[in-house]
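There's a structure below that I have some questions on.
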Amino acid sequence: MADAIRVAILGASGYTGAELLRVLLRHPRVRIVALTADRKAGEGIDTVFPQFTGINLPKLVTIKEVDWSGVDAVFCALPHGTTQEVIAGLPQHLKIVDLSADFRLRDIAEYAKWYGHEHRAPKLQQEAVYGLTELYRKDVAAARLVANPGCYPTSAELPLIPLLQADQIDPDDIVIDAKSGVSGAGRALKEGSLYCEASEGTHAYGIASHRHGPEIEQMLSEAVGRPIVVNFTPHLMPMNRGMLSSIYVKTRPGVSADDLRATLLQRYANEPFIQVLPQGVAPQTRHVRGTNMTHIGVFADRVKGRAMLFSAIDNLMKGASGQAVQNFNVMYGLPETMGLEQIALFP
Amino acid sequence: MADAIRVAILGASGYTGAELLRVLLRHPRVRIVALTADRKAGEGIDTVFPQFTGINLPKLVTIKEVDWSGVDAVFCALPHGTTQEVIAGLPQHLKIVDLSADFRLRDIAEYAKWYGHEHRAPKLQQEAVYGLTELYRKDVAAARLVANPGCYPTSAELPLIPLLQADQIDPDDIVIDAKSGVSGAGRALKEGSLYCEASEGTHAYGIASHRHGPEIEQMLSEAVGRPIVVNFTPHLMPMNRGMLSSIYVKTRPGVSADDLRATLLQRYANEPFIQVLPQGVAPQTRHVRGTNMTHIGVFADRVKGRAMLFSAIDNLMKGASGQAVQNFNVMYGLPETMGLEQIALFP
Amino acid sequence: MADAIRVAILGASGYTGAELLRVLLRHPRVRIVALTADRKAGEGIDTVFPQFTGINLPKLVTIKEVDWSGVDAVFCALPHGTTQEVIAGLPQHLKIVDLSADFRLRDIAEYAKWYGHEHRAPKLQQEAVYGLTELYRKDVAAARLVANPGCYPTSAELPLIPLLQADQIDPDDIVIDAKSGVSGAGRALKEGSLYCEASEGTHAYGIASHRHGPEIEQMLSEAVGRPIVVNFTPHLMPMNRGMLSSIYVKTRPGVSADDLRATLLQRYANEPFIQVLPQGVAPQTRHVRGTNMTHIGVFADRVKGRAMLFSAIDNLMKGASGQAVQNFNVMYGLPETMGLEQIALFP
Amino acid sequence: MADAIRVAILGASGYTGAELLRVLLRHPRVRIVALTADRKAGEGIDTVFPQFTGINLPKLVTIKEVDWSGVDAVFCALPHGTTQEVIAGLPQHLKIVDLSADFRLRDIAEYAKWYGHEHRAPKLQQEAVYGLTELYRKDVAAARLVANPGCYPTSAELPLIPLLQADQIDPDDIVIDAKSGVSGAGRALKEGSLYCEASEGTHAYGIASHRHGPEIEQMLSEAVGRPIVVNFTPHLMPMNRGMLSSIYVKTRPGVSADDLRATLLQRYANEPFIQVLPQGVAPQTRHVRGTNMTHIGVFADRVKGRAMLFSAIDNLMKGASGQAVQNFNVMYGLPETMGLEQIALFP
């Protein structure tokens, strides 16, 4: 692999870090040269994630220990808030895909409001490109720093933005009822993530207060050309991975559900990672498990003038690490599907 | 138990039948005198449901074999469609709680449209009382035949009807995104109910075509005084039991989420089976598991003029067998909570 | 309830605490007068366990705040290690059922070896009675302090002790492969208890080192009359509650599996909480879910001279809080099933 | 792909069929030319398994419809019993990997005893090679018909055979307590495979009567050189996929658990699909999910002279379709890992 791109993963001991590793280890152009995990520095990744037993990989180190001269690209899977300072401190020659929320909100006042502190790298924020690949591919191709979208925003924006741009639905009447597997909460020790607290039941959380709300609104507002507000309500599902957004919309007069589907079919006709399903077929998260795919279904409502969109992704793949690699491929001019050819693990 | 009410359960080999048995076996005024299951007639219930091993119970028999002269009350847990003829053939001295959908729709034309055949007991249909206990208690008390509500309708109607009656929300802009555990599909052998098909994933089903839709609309229309149509979209959750309805509504001008909560608090102040949760607390289905409780949460939306209602029940209890026993208690003038004092099994 | 027994639960914010509360709230002779949870003192139990919303209960307090003059009996659901000092400090008029492991091992040297520190209440240890109710009922009836057995020991000892006492199996060739739901690990924040770490997979843990090993061996040794060592290997199952011990034994010459079953049937003929299942029926944990029942199955092996025992309990009930209440009933001369009449919640 | 091997999958509508498809679609030397499913003939595979939506694949046909002149190799994923006649009717130029049990038992009298009917292709039976790749690689390389091992046998034989061959354990004292995910039961409609029957609980099944028992005994007997009988007890786990065999053995005098591990480490040193884990590390099925890996752990027992082996595989991969492709690679002289480089999907 003489022409390998040398990659570092920052935050390799979390679930999105492990998922990056799973994908990148089979990426034909990538060589993993550094894995960081400040608290677990010195350990092998196989003690942290035994699924990597037997695979030759660098030891976990602290971020400070990384020799950046031997690194070309960085995937940053660190917690929100700390990321911006870490990235601000990295050398300029690195290409960076950041999976945190730190560079997603363009308005740093909005950032401060939702995250409770001033943004610590406002210049970098201006440089960052929002990496919803299918819709911002050109910007991503030219970017040095990509802000990888959130999982909920990815699943909601992919079906909604083309329809808003086509003015086929009312931007002021959108309800996004979203459902996520528990891996979306990461590997942190929280009572709500315990098996007994998350299994055999469901509930809404972050109601009217989840930080993915403003991210969704930023992108939908851009599509419409004026600020809009939407209902976004996440629910926790008793499953490891998978995300379904059930989206309830009001159609413009004369626009049918079939029209909506036609718009999406046309817009995503050549997209390898998006399948707009035939009439009557509802997407299931299990059918995209472990893949970078998005399955979208469109249905007419019994209420006149209303329709429903269903969008299924794997929150750790298209909702995080998969899309990050997709963006990386675009940044390096590689085939977009490279390393992302997985077929869903079902059952 | 000299003054026992002698009860027969028709369809005891299904999940709602087993749940009736679980509850009624500990009901101080009930004696189980007959259990039917046409295909399993001759077997002991403990071979069909081993949790009843060691409990003295009548053998399973066919419906024809039951000696009705020794029966006072019937719980009918048979499949939709066959129930109406069975009930039409029962003696008049019996009080009946029917858990099927056969007598829920008052308009037999609507029934024919949704169920694909003419109603076979239209007179009985006129006699039947809709058993949403908290809201139709007086009718239930006087009824001989109670049509026990569906699980989805129960979870949606309890929060919505008082708010529609108070004219605090717009009846023409209601979205009900409902989530159910797999036991709602019963014990029938369907591919979609297999473990591998229902676990580790979620999806919508019966989109704009589920038969609980017209039932919900019938009751909401009655509350409003004119026909209304709502969005009702059920989803299958990877869990045994539990049901959550996330309901998105438009409030009348000047009406806040706190106003909605106040209305529900007042309406349900003395109801033993309904808890309207404090501001900021979202109901979880696991906290009502195995009980007849309904937990309701009310939240303001970030979208102006909109609000959210969350309603959690156990689909086999308040959504089926629990409410059936509650109705039975009302029909016999017993304390409404008799036999229904279970506390949630969590974890 | 003029003649109520006034009960305090120490450690009410854990899963066994909540399960005690679930059972005792419906116990006709119990009045809950104190709930402790040192870290959550001042909160209502309904904020810690929302399933108790709407039930009138004392606030959580620290142990120091309890007025013992108004308490008759204590259920102690505190972590291992801290319990012995707490109990040593309690007034003598209290009857105590301790759910921790602190008083189970009679040999304080053995205790020190397995728990890593000297026992801090050796006198109390001598007083404590091991509360495997069916086999030590007389001792329990006379006890002031009952050491409630561990979940694994309960499930293993109930089938094994009668067979060892009857000398029908070889005490030196016993393999106990045990399987537990995740609630057995409690509500503590451990990585291994996270949903994503415990779902969709299984593994052995505490291999040849689990602290329930010496407890099992103590009781089996007592049954045999000399020290024995057994294989005991716990496994973590992706489920909330339930415990299955699959036990592989060598039978004495001429002894068949049917003989073993006959011995157990006879020994447990009048026990309300033990069902020895008919030939060919394998116990399932889901059929005892939420109950104090033990289901035992006995099978011949294809290997000559060997047999298998399967023993299913609910780890939080017969394996903890249920048996604790059973012991409490015995200590107070109440009917042993009082408050423990639950039927399994299945599905 | 001029040099593609043209492959047909018989029985593509079951779980092992789908898993074959998942793997073979990414196999660089394979072209899928036929998919059969007698009952679903005429449908697209994407209606049967929506995870294949958007992938260009032949329609499902009946076996009779296949043009064998365009096929080089066959994976046969048909039900037990019907397979032998189907394979007997196939042209001789085909290489065949059979995933059913039809050709695993060499003794057709033994077959008749366990399967209830005479073997219908006894000549083919003589030709068939047992495809436990790591241990029968040479035979597989020369075979035209490979009988792919059962999932339980694979997980039990891999750790046991080398130890029996080295005479380090007692062949007459082996207990195999095995645990499987529900996908092992296939997609057939059985009550026991329903979500509500298989979730939130565990139980043993096929006790002393499972058909994988004689298969295991055949292979262990061959390793020992005389007929042996073992305890083999399968359990159903509430999970989709994954299989753990916990194996309890008696060591030969002077042989330690470390010795056993050393033997396995040496034997499997160059095997890409077997990891013998370090001392103290217990294998977890989730860490091999979706892969062809086997993780093996070896532990000393507290009982003197005894040890424990734990062996984790994915029942649909190394236990079925993965090992089938591994055998296919061997039969065609391809690198054994071709198409099988998946890393575990965890979480």
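The letters A, B, C and D name the chains in turn, as written, and every chain counts its residues from 1.
Simple rule for what comes next: a contact is a pair of C-beta atoms (placed from the backbone, for glycine too) under 8 Å apart; a residue touches a chain by one contact, two chains touch by 3 or more.
Treat the numbers as computed from the prediction; the structure is a model and nothing was measured.
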item	value
Taking each chain's C-alpha mean as its centre, the one farthest from subunit A	C
Interface with more contacting C-beta pairs, comparing B-C to A-B	A-B
Separation of subunit B from subunit D, taking each centre as the mean of its C-alpha atoms, in whole Å	45
Chain centre separation in whole Å, for subunit B relative to subunit A (CA means)	39
Inter-centroid spacing, subunit C versus subunit B (mean Cα positions, whole Å)	36
Contacts with 2+ other chains: residues of subunit A	15, 183, 196-197, 199-200, 238-241, 284, 286-287, 289, 347
Residue ranges of subunit D in contact with subunit C within the complex	175, 177, 179, 196-197, 199-205, 207-208, 213, 229-231, 233, 235, 237-242, 244, 246, 248, 282-287, 289, 297, 299-304, 306, 308, 310, 312, 347
Complex contact set, residues of subunit D against subunit A	15, 18, 21-22, 25-26, 49-55, 183, 200, 240-241, 275, 277, 281, 284, 286-291, 295, 316, 341-347
Touch list for subunit A against partner subunit C, complex	15, 182-183, 187, 189-191, 193-200, 238-240
